[in-house]
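Chain naming follows the written order as A, B, C, D and E, and within any one chain the residues start at number 1.
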Amino acid sequence: MTISAIAQLVASGLLIGLIYALIAAGLSLIFGLMDVVNFAHGEFLMTSMYVTFGLYLFLQLDPILLMPATALVMAAFGIFIYRTVVKRALAAKVNAGMVQIFATFGLAITMRGLAQLFWTPEYRSIKDSVVADKTISIAGVFLPVPQLAAGVVCLLAFLALYLLIQRTDFGRALEATREDSEAVSLIGIDRHKIFALGWALGAAAVGVAGAMLATFYYVHPGVGATFALIAYVTVATGGFGNLLGALAAGLLVGLVESVSAVVLEPALKQLGIFALYLLTVLLRPRGLFGKL
Amino acid sequence: MGVLVLLPHAISSVTILNILILTLLYAGLSQAWNILGGYCGQISLGNALYFGIGAYTSTLLLTHLGASPWFGMVVGGTIAAGLALLIGWPLFRLKGHYFVIATIVIAEGALLLFQSWPWVGGTLGIYIPFLGDSWTMLQFQTAKLPFYYVALGYAALLWLVTYTVDGGKLGHYWRAIKDNPEAAQSLGVKIFPTKMQAAALSAFFTGVGGAFYAQFVSYIDPESVMNFQISLLMTLPAVLGGLGTLWGPVVGAAVLIPVSELTRSYIGGSGQGLDLIFYGGLIMVIALLKPEGIVGLWADFTRRRRQSRPSLASQKVTP
Amino acid sequence: MSLLRVDKICRQFGGLAANTDVSFSLEEGEILGLIGPNGAGKSTLFSIIAGALPPTSGQVWFEGKNITGLDAAACCAAGIGRTFQVVRSFESMTVLENVTVGAYNRAKSTKAAQKLAMETLEWTGLAPQAHRLAVELTPPEKRRLEVTRALATKPRLLLLDEVMTGLTPTEAQAGVELVRAIRQKGITVLMVEHVMEIVMPLVDRAVVLNFGKVLTEGKPTEVIKNPEVIKAYLGDRYAQGH
Amino acid sequence: QVSEVVIGVIEPMSGAGAQTGIDAKAAMETALDIINEDIDIGLPLGPGAGLPKLGGAKIKLVFADHQADPQKGRAEAERLITENKVSAIIGAYHSAVAAVVSQVAERYQVPFLAADSSSPSLHRRNLKWFFRTSAHDEMFSQAMFDFYKDMKEKKNITVDQVAMFYEDTIFGTDSSNIQRKLAGERGIKVAGDIKYRANSPSLTSEVQQLKSSGAPVLMPSSYTTDAILLLKTMGELGYKPQGIVAQAAGFAEQAFLQAVGDKAEGIISRSSFSLDLSEKRPMVAKVNEMYKKRSGKDLNDNSARQLMAVLVMADAIDRAGSIKNEDIRGALQKTDIPGDKTIMPWANVRFDENGQNTGATPVLIQVQDGVYRSVWPFETASRPVVWPIPAR
Amino acid sequence: MLKVTDLQSSYKGLVAIQGISLEVGQGEIVAVVGSNGAGKSTLLKSIAGWVKPDRGGVSFKGTDLLKLPAHQISRTGVALVPEGRRLFPKLSVRDNLMLGGYTKAKGAEREAPLEFIFSLFPRLSERLDQQAETLSGGEQQMLAIGRALMGQPSLLMLDEPSQGIMPKLVDELLVAVQRIRDRGTTVLLVEQRVAECLDVADRAYVLQTGRVALSGTSSEVAADDGVRRAYLGI
């Protein structure tokens, strides 16, 4: 293998890793930090891509410009889902974990059905974006611009989430609500407000991911399922209770995938990711940097 | 029970028999899942692995050696149980979501391996050749009744096994581990072997179910017997019916399978996703309205009748 | 031969030494009180004796055997029963089922286990609650349930960690009677309790821990006169003599 | 006498293949219009309403959804046969499902017509009740290699190295196995042999390996999602082979063209159908119009085959003059429809003893100026082939 | 300041307290005593909004608390140190304390009670970075009380605060309760150490099987024969 091929391998791995991390960002908040299972994460991503696509049909703007709008719509959607579904699931005193899994799993199926109803199962894509179909090449290493842009957005998104959780009362309140959602009322915290905000934020992060993804990926009712498992594995590899873990894990997952596509065969490249996860949790049962 | 034995004779519709067979199969599979997930609290979303192992073992034994699927069921179940022990050994130290995701990942990994393993047919899968009606080979041209009775026997057997175990030492230990492992240990419960027993039992019967399924469909490929959806389908009835209860998986399967089959059959042809909306909505509604499962309705009812005593406080002896 | 002997037990949590060179022994049939300030390392020591926590160094001897490496289940099988300071009941199970789990430690069949469990419940006075779910009990009842559960394992040594918390003095007296009755059954008791009104009349001997080390040990009446114990643990009220 | 003949259709109506099922529905209903209405068009059963030999009985289609799951396909087939009393079944796109459905049909002795499943293993199981109107992947792959031969002989362009890129399903595996074998026979080197996971989130490393294989011709076998992703990733990583010769599926879909835009320029795909056949056979345009009214799109490889399957089946039932299973099977076996009475570039429709239509000659189509044009066989092509793919 | 009238609460239809009326005046320490399961905790939980009463009224400084959700009740200045402590186990001691002052503005105001809390429980100041769940039993109880004090409540409800606290600290704690009152906080105290508790309280209520059996000044209650027999073990 030539040097440039290896460089390309690493660069591509890291780039796709950043995209995985970006997609996992919202999940790392909702699932990782708030400890609420969201089996519909993939469908959230799918929805946000359709939101971007819908806005694009109306406004004919670059998806990157539409990103704030998508994030906003998704935040509202996150609050809506929290209020209608998740809140009730969290109220369950027995089998709490399973209720969350299956309430959101049911939600996922419903969302997929709704997408099919409203958008038909046709594949759609957006070609009008400043970054679309552009590639820069440095010393024989090709770096697709849409993915570079997504990578930068990913880093920014994690920085923003991290500061928000680490530096604000909101972050503390979110963790406290996760720890004991009843006891937080003792200190004047409205758990539903805090968690609804958490979901808004998580969904907005998915919105950002969806908008970026729409610049280079097709939109389809089933698109979420493609990314969902990797997103869960990424969050768990990073460790629960630590946002930045997901970023690190995303990069690692991307890199390992890239390498195992070469070492094994491409059809088995996910085996590398799976092995990475198992190895991580066997050595560190709480993931790379997990606290929970 | 009597009703279940005689019922199919009154039914001529193949569709309904198909649905009944699937319902019983999933009642059994879900009961098997319930042993480890519901009673012992080790949530596995990777039971499709054991299902697939059972299906492949019996099918390969049949196509390569001409062995009867009945034999294949036992061998398949045993291999599945052995695999469960092998996997449980490193995995049972994991907690919560880490464990759940590990089970998913292992099953998905196995799916990939089976797809690129030519000896087991890879993605092409394996056809089970039809050799004429035979109980030994568990093959029937168009008859559904034999399958119905096998499925009924399977579900009943699992119910019985769970019933027996639940009332005994293992059942107590499993539920204790689920509620509080540290306390269980302090009472002499050896956590690891107890979990392993649950895992082996669960995997064995899941494997048996897989072998039956292969015979019933007469064609298997990795995607159709080891897919993540199958894992979910085994979990769903127990959760919606009532986790860690005897009747939960049965009741859950009796609601879910007919609904999912009928919605697909009668509104799935539209291609508009209405069946998905309906099915998904139903799961969501049950999960949210009755978190302890549908059998919780029955418990509510009996409880209300038993506890007609008006006030707890007034029963206390005054000092 | 002592029933239990802890020998130079040390336990570190990061930089914090919860137990340092703790040594004492416990005679068969004794009720030994383990007292000391909050955070002195009493519960930590309990966990080490019961096999729930490995010591950093030191040994635990039970019935003349070194049980240091054994896990909690093996310790239970060997004859050590315990309760937890922060209650840990099996909340989705009934009171009877909770106790039955313990009873399986000795009983072979389910019938025998249930019988043993029911007898133990009657003995500790929880029988009327047998078919309630554990989650519905008040905290003091849950503690009593833990004692019952541990008793059902038929231990030779019972470790009681603040089981009488939350009882009014009158109720505590019943608790004291229960512990005496336990001893009557031939079970040796090691107990942690902060309420002197309970400890004083009950225990034969007290070991005082402070900052993880044994401060002193002796008859309860002597121990509470020790100025260091008063300074670190009992406070001014006991300075004038009790 | 019957007034209605019911035919069951089993296609994926939800899940990843849902669009195919939905398009199939439109295509087959278009065929129904031709049969049941009085439409004078050069197709079997066009003129006159209904089936003349059955007293003008109409055909009715019942659609069932198999969600790409063989078990569901089996259950639906049994339901259609026992409950809807269908006289025949058409389906099923996914070869795995077709395999199971054809077995059920065999057991119930109901004719099964594979409209759009192209796995060669399907007709090799000695099934008496199995028929397939279109070519299978072996015939298609043969066409591709014949194309290379013609290129050398007639255009003096040598193709001596190819890279295969195929998904890990029945479709991909079957297709690649044949191509590998044919390449060996024809002395063409397989420089790259990449099996990949269907619906992967990224194909970066796969494309990289293709690129470093250095093969001038890429032969992909993929469905729509992966076809789109493949082309995008090729652009991103600067991989530009001289030619792309695809095993249809995703590459023949309108959605694919729309998604990748001018990146599709020059791609060659095997096909059973080419819309520019209408230049020679105007009725193809007319049928296309009818279909477009229902679905909003042009006919493609899949929808044309699905449409034809209904016509062929209806023709057989009509000739049988009865809806007895045996009679229909007998009539199917005796099917003889000349190529110009179809909308396909086929020689004819005649089934061999395995139920395979031997006259289903494939064509190669190429994207030229955003439209699929037939480019091979050279004799019948509507446009000359463009080779290599022009630089953009 | 706090007025409870004819309060009844139940769990799944089982009545735990009924017909309870009591009053707590500004600056008072009021004790509630009673045996195990008498309904003391249920009473406090009903006031704090954790248990929704079946009927009756709870008003605090003229506000009808029954109309408010639990977190709003806390914001009116009612704090509860619950039975079982209910800390945030994975969070550090510091975070637990800081969260106690969640409704206060960040900065000096929020940190004001810290000094007092640390003077009462110096151990907490040594363990600021330790996870709450790894604290010893007594330390956890200290943290629970500290967290409630961080909110600078005007009514502090303590449910058996001396649980798990060593003797020396129990005395200090009860003195501290008086100091807390002297700083302007009203206290509603549930205690199983009846004698010590009556020592510091101004008035007391005795609960029996969910009803108020006796009420009066602490000395009256302490002098009652029934109480002496039932709760003091004399």
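Simple rule for what comes next: contacts are C-beta pairs under 8 Å (C-beta built on N, C-alpha and C of every residue); 3 or more make two chains touch, one makes a residue touch a chain.
A quick map from chain label to UniProt name: A, B = Amino acid ABC transporter permease; C, E = ABC transporter ATP-binding protein.
Keep in mind the model is a prediction, meaning the values are calculated, not measured.
Chains that count as touching both chain A and chain D, per the definition above, are B. At the far end from chain B, in terms of centres built from Cα atoms, lies E. Averaged Cα coordinates give chain B a centre that lies 43 Å from the centre of chain C. Note on chain placement: the centre of chain C and the centre of chain E lie 28 Å apart, centres being C-alpha means. With centres set at the average Cα position, the gap from chain B to chain D is 38 Å.
Between the CA-based centres of chain D and chain E the separation comes to 76 Å, rounded to the whole angstrom.
Residues of chain C in contact with two or more other chains: 92, 170. Residues of chain A in contact with at least two other chains: 94, 113, 116, 121, 221, 265, 267-268, 270, 292. Of all residues in chain E, those that touch two or more other chains are 11, 35, 37, 229-231. In the complex of the two chains, the chain B residues touching chain A come out as 43, 90, 93-98, 101-102, 104-106, 108-109, 112-113, 115-116, 228, 232, 235-236, 239-240, 243, 271-285, 287-288, 291-293.
On the chain D side of its complex with chain A, the touching residues are 14-16, 18-19, 22, 168, 194-197, 199-202, 204-206, 208-209, 212, 224-225, 228-229, 232, 235-238, 253, 255-256, 258-261, 263.
Contact residues of chain A toward chain E in the complex are 169, 172-173, 175-176, 179-180, 182-191, 241, 291-292. Considering their complex, residues 167-169, 172-173, 175-176, 178-180, 182-191, 244, 319 of chain B touch chain C. Looking at the complex, you find that chain E touches chain C at residues 11, 33-37, 41, 83-84, 123, 134-140, 142, 160, 163-172, 192-195, 229-233.
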